[in-house]
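Same chain, two partners: subunit A is paired with subunit B first, then with subunit C.
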Partner chain A sequence: MKKKFKLTKKVFSFPYILFLILFVIVPLVLILVNAFLDSDKNLTLNNFKTFFSSPASSIVLGNSLLVGVITTVLCLVIGYPVAYILSKMSSGKILVLLYVLPMFINFLIRTLATKAIFIALNVELGMGTVLFGMVYNYLPFMIMPLHTTISGIDKSYIEAAQDLGADKVTVFLKTTLPLSVSGILSGVTMVFIPTISTFAISQLLSNGKIFLFGDSIQLSFEQNLYGVGSIMSLVMLAFVLVSNFVMNKFNRNNDAVRRSLW
Partner chain B sequence: MVQKTQNDIIIELRNVFKTYDGKHAVNNASLAIKRGEFVTLLGPSGCGKTTTLRMIAGFEMPTSGKIIFDGKDITDVPPHLRPVNTVFQKYALFPHLNVFNNIAFGLKLKVIPNGTKVNRKGETVQLFRKYTKAEITEKVNNALKMVDLEDYGHRNVSSLSGGQQQRVAIARALVNEPQVLLLDEPLGALDLKMRKDMQLELMDMHKRLGITFIYVTHDQEEALTMSDKIVVMRMGEIQQIATPEKIYDEPANAFVADFIGESTILSGVMLEDFKVEFCDTVFECVDKGFKKNEPIDVIIRPEDLKIKAANDPMSLMQATVLSSVFKGDHYQITLIANENELVAHDTENYEVGETVGVYIKPFDLHIMHKTRLINEIDTYITGENLVEICGTDFECVTDLAEGTPVKVQVDFDDVEITDDEDDGMISATVVSSIYKGSYYQAILSTDDHYNFFADTDYEWLKGDRVGIRIAPEKILISTRDENEKPVERVVVDETLTEEEEKAIELSRNIEPEKFDSEAYEQEEYAQNSDEEGDK
Partner chain C sequence: MVKLKNILEKGYLFIILAILYAPIILLFVYSFSNSSNFSFDQGFNFDAYIAIFKSEKSPELWNAIGNTFLIATVSSVIATIMGTFASIGIFNLGKRSRRVVENVNQFPIINSEIVMAVSLMIFFVTFSFPEGYLRLIIAHIAFCTPYVVLNVMPKLEAMDPNIYEAALDLGANPMKAMLKVMIPIISPGIVSGFVMAFLMSMDDFIITQINKGAATGINTLSTYIYSDARVQGLEPFWYAIFSIIFVIILALVLSVNLVKIQKQKQKEAKAK
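Moving on, here comes the complex of A and B:
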């Protein structure tokens, strides 16, 4: 007897599973396989040797991490006050949209425009301009989760703290800040992971002077060095997984307050 | 012991108003609370009781009026400097801290005086310090012991049951040794059994600590059980301030009677002193001082209405049994007497349709002035035969010119309520609907916050949107003097003696000093050391 096809809830997940297999699992496997192949498709470990023995690659990796950390810190320092103030305003929800609005424009166009402005202003392209571009691009990813978390904090906690004798600063440090940790962690994850893997922004805004990990991956593939490129991608993946793990660990300690967009 | 101030009033509200978008959430509240009293603010939701409490705590600023703490004006003092602590409705325990740290929160912030020192200029300077870790631990552990949660210090607050969270919230407030504890419907989220237990515990705590409790609730039974003094509020206005017994036995008006316990409320006429007529029968009563033939409300508690045999010489009028419901320890019997419904509690059952006699002791007839006899609005003539009522022009019969200031009167019977909001001239929300034996008296709040009283045959659901219509010939118009000021109603605190009342009245003329937080801390310290000395 033939089994009759039934339209259950499960069926609706099939397209996505198919998509996941085609565009996530298969590419990952391909990267993994490529890492062990040389340009003539022979099995080899040379790629690893090339990558790990060259000091240039570790410098690039270090640079990327540094840029990632600085960008994340800057985004947090700029984004937190913005998110905090917006969450106190009645029209905050609409104003947050304004912060997200620049993302409607393609990031390459935005970056090229930024570059044009810097050149017009006679600003020398380098680390400073790269960091500016990074913060500019990723700030909304910090503000959004922070705003969601902070505006979700029950007002009664703030009142309870005031009632127990906390002035404005203490209320912030002892209630608002600890209660928004989950938002901070989401924001940090949302900014740090894309920044360490980004390319183009660094190339464009430093005239190719500053070379980040994302750029070198791109370069390897352009030069047909699929093996080395694959290894770099795997290293990147490892970093992403590690930072995600660390963030989750932090968040678990804040069990009770896990309430955020992501 | 704390130094006794005049009259020993710890908190006083003087003509406090709170207005949100033109609507009075709290309307001219004046209230004096004595040191050590258990005061309950009681009323239905939206009556302004929580707003009043929040103004005492400092979370809301009064639109006008003064809040006085221990003789000092604290109206503008921010909440963190006020010597009061609050137990919040949903506890508001910090989810990121464990039980111990939740309770220690206030102690860690507190600064206490630490002796004095003479500085180089020869001035004596007050030194301050924070509590040490050991002191905090001891205080928190004592607080935990007080609420029977000794081994729960390390627990996460989210792992506690509702009742336990409630205890932690109380401990967190009390550990700071406030002089006044504010409780905002603290038992609302607990089940009935738990609530009864916590009621007793709170009363016990109040007795042991001797501090002032200000308690907000909508549960009349809770209020009657726990309080020394009940403040009944409705629509932002204080209706009555009295002891629980007095509130129950001598409600100030039909609203209080209806809200506190079951009762029959009837419209009647005061014929002369000690003589009242209702249900087409003349009764003897103990009230006097009413105007001759003044329309009044009569309140009869069901347990005071005695059912007799129809031919019993004691019975004052005859009635027919409409229904009889068994309620465990009594029957609730509804009677019809001369087209008025009366409710009685009796241990005996009566047959439906049976004719019985009714007897009420003169002492058990509670006679009250009517809150309002007629709807009265100050307004202007807006055109030929047009008068403005609540923002809408109504047709009326008048020969007064446009722009004349007038007083409009509409009888309760002439306010027509329409089920569909759009059918009315103006729309309103039903605030209440009280059964008066043979009809319902509904109170309708219009969108510009005027309250219409209307007598209708139907019960209107509280909160419903309805329309109001008034026939042109039913709108009574008389000219008014624009300079005339309406008389403000003052609710007298019935728990105060005459002397105390006078003292409060006198002190109202004195501008209180501004509150000084440092001075308060010193006083508090002195109090602590005294207590230690007592042990």
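Moving on, here comes the complex of A and C:
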């Protein structure tokens, strides 16, 4: 039963709404504007030409997608069993903390730690070390939403499937797996987007040989190529919006997952 | 059969955990060796820890640590105040405008950090904001406040509106009723929002790195790590600093969550 009432006035939200418009919306609009400006602030479409015709950008895009997809798949394949096994254990709620905890340590520190170890072991820095670093960094982001979703599944569904004669594999494939799709999607988004957009990890772990999207966005702004940098940011933005749209279609538990840590 | 499966499952969990923590533990162990190449050539010593205070890089390092805390404190305090009032306001907006604002509030969270970072940089350059702390603090407030709102909002929703109305009926003016009744009730959300904003700000690298401006020389801990270690790799004193950070974070997160789990258990026990 909810009564109609006013707690206090709406005005309290106005400063923040103004802030959001100024520092979130206007900057994003400026990216869009800058995509159409040349270095002298004249309207142009050349940036798009430069971006779409240069082989460098297709290499970066290809590399990013490759690293992003492989990292995401590896995180899912490695992380799902962890989340699944933990959700069956009575102490799983506490144990999952251990898997999530590294997330709170700055990614630069974790990356530099792995790099130091690779160097000490004489491992050549390249695609292999980049992938290891990415999976190492983002595995917790996969395990967390998966565990929240899987341990939230009503046990009676699984019991019902068993009572109806399904064997273990069938129970998993036909009940547990479909019921954890929202967790999988959250995990995939939380791994894929940061993987392709982060800057520094691939740079550090490949000694600057492999550039991903985040690295090249940073680099183009550093070289004052605002136009091309803006277009790359727009492409990145499109990735973000599409993946979030897909995820929201299934579930809005992304924030619930993030919040559940606190 | 069941036993074998059990062993396999436990073994798998253990291997993944070992891989996740191997770099952290190795760094911790070798922080007592004063070496960068994972050897105990110089024996067990605390030189790396001493170097935090007494090396040629100490002034820069402590400056960076100071900046990290300064920016995190200022921006998380402002974010918490603005976010708390914003939540109360948003809660009272009409259905449609509330949805719009909540969606925009989500944006800094779902957006990739690099896009947010460069969008703010273009903004600051376009409107020629002075380089330095102002840009950094605005940027940090921008990505911290949404977390405050997300933490306060559920508490407002869970609050019994009658309590607030009772305060009004008993003669409190709206301002007093808000400060004395509403704020205390939603305070757990405000506190967790503040803690989260503070940690987010401390942890940030990408947005700070892109908005700090090359000429100002301002560094936070993470941007200083990047500029120092990118080229020559990690000097021994970094091992010591990382180890200290590991220990603090481990202790902090574990204690926060263990307390939470304990509370939950108590609640469940009461419910039974």
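We adopt the following convention: the second predicted complex is superposed on the first by the 224 of 262 C-alpha atoms of A that agree within 3 Å, B and C clash if a C-alpha of one lies under 4 Å from a C-alpha of the other, contacts with A are read in each partner's own complex, and residues count from 1 in each chain.
Simple rule for what comes next: contacts are C-beta pairs under 8 Å (C-beta built on N, C-alpha and C of every residue); 3 or more make two chains touch, one makes a residue touch a chain.
What you are looking at is a predicted structure, and each value in this text was computed from that prediction instead of being measured.
Enquirer: Once chain A of both complexes is superposed, is A:45 in touch with subunit B (first), subunit C (second), both, or neither?
Expert: neither
Enquirer: With both complexes superposed on chain A, which partner does A:161 reach: first (subunit B), second (subunit C), both or neither?
Expert: After superposing on A, A:161 lies in contact with subunit B but is clear of subunit C.
Enquirer: Looking at subunit A, does subunit B or subunit C touch a larger number of its residues?
Expert: Looking at subunit B versus subunit C, the one contacting more residues of subunit A is C.
Enquirer: Once chain A of both complexes is superposed, is A:27 in touch with subunit B (first), subunit C (second), both, or neither?
Expert: In the superposition, A:27 contacts subunit C only.
Enquirer: Return first, second, both or neither, reflecting whether A:86 touches subunit B, subunit C, both chains, or no partner chain.
Expert: second
Enquirer: For A:15, is the partner it touches subunit B (first), subunit C (second), both, or none of the two (neither)?
Expert: A:15: touches subunit C, not subunit B.
Enquirer: Of the partners subunit B and subunit C, which touch A:175 in the superposed model: first, second, both, neither?
Expert: In the superposition, A:175 touches subunit B alone.
Enquirer: Would you mind listing the overlap between the subunit B footprint and the subunit C footprint on subunit A?
Expert: Common to the two interfaces on subunit A: residues 254-255.
Enquirer: What residues on subunit A touch subunit C, complex-wise?
Expert: Result: residues 2-3, 5-17, 19-20, 23-28, 30-31, 34, 78, 81-82, 85-86, 93-95, 97-99, 101-102, 104-110, 112-117, 119-120, 136, 139-140, 193-194, 197-200, 203-204, 213-214, 217-218, 221, 226, 229-230, 233, 236-237, 239-240, 244, 254-255, 258-259, 261-262 of subunit A touch subunit C.
Enquirer: Would you mind writing out the residues of subunit C in touch with subunit A in their complex?
Expert: 9, 12-13, 16-17, 19-24, 26-27, 36-38, 82-83, 85-93, 101, 104-116, 118-123, 126, 138-139, 141-142, 145, 149-151, 154, 156, 161-162, 164-165, 174, 178, 182, 192, 195-196, 199, 203, 205-206, 209-210, 222, 225-226, 229-230, 233-234, 238, 242, 245-246, 249-250, 253-254, 256-258, 260-261
Enquirer: Quick one: in the complex, what on subunit A touches subunit B?
Expert: For subunit A paired with subunit B, touching residues are 154, 156-157, 159-167, 170-171, 174-175, 178-179, 181, 254-257.
Enquirer: Show which residues of subunit B lie in contact with subunit A when the two form their complex.
Expert: Those in contact with subunit A are residues 57-59, 78-81, 84-86, 88-90, 92-96, 105-106, 109-110, 156-158, 172-173, 176.
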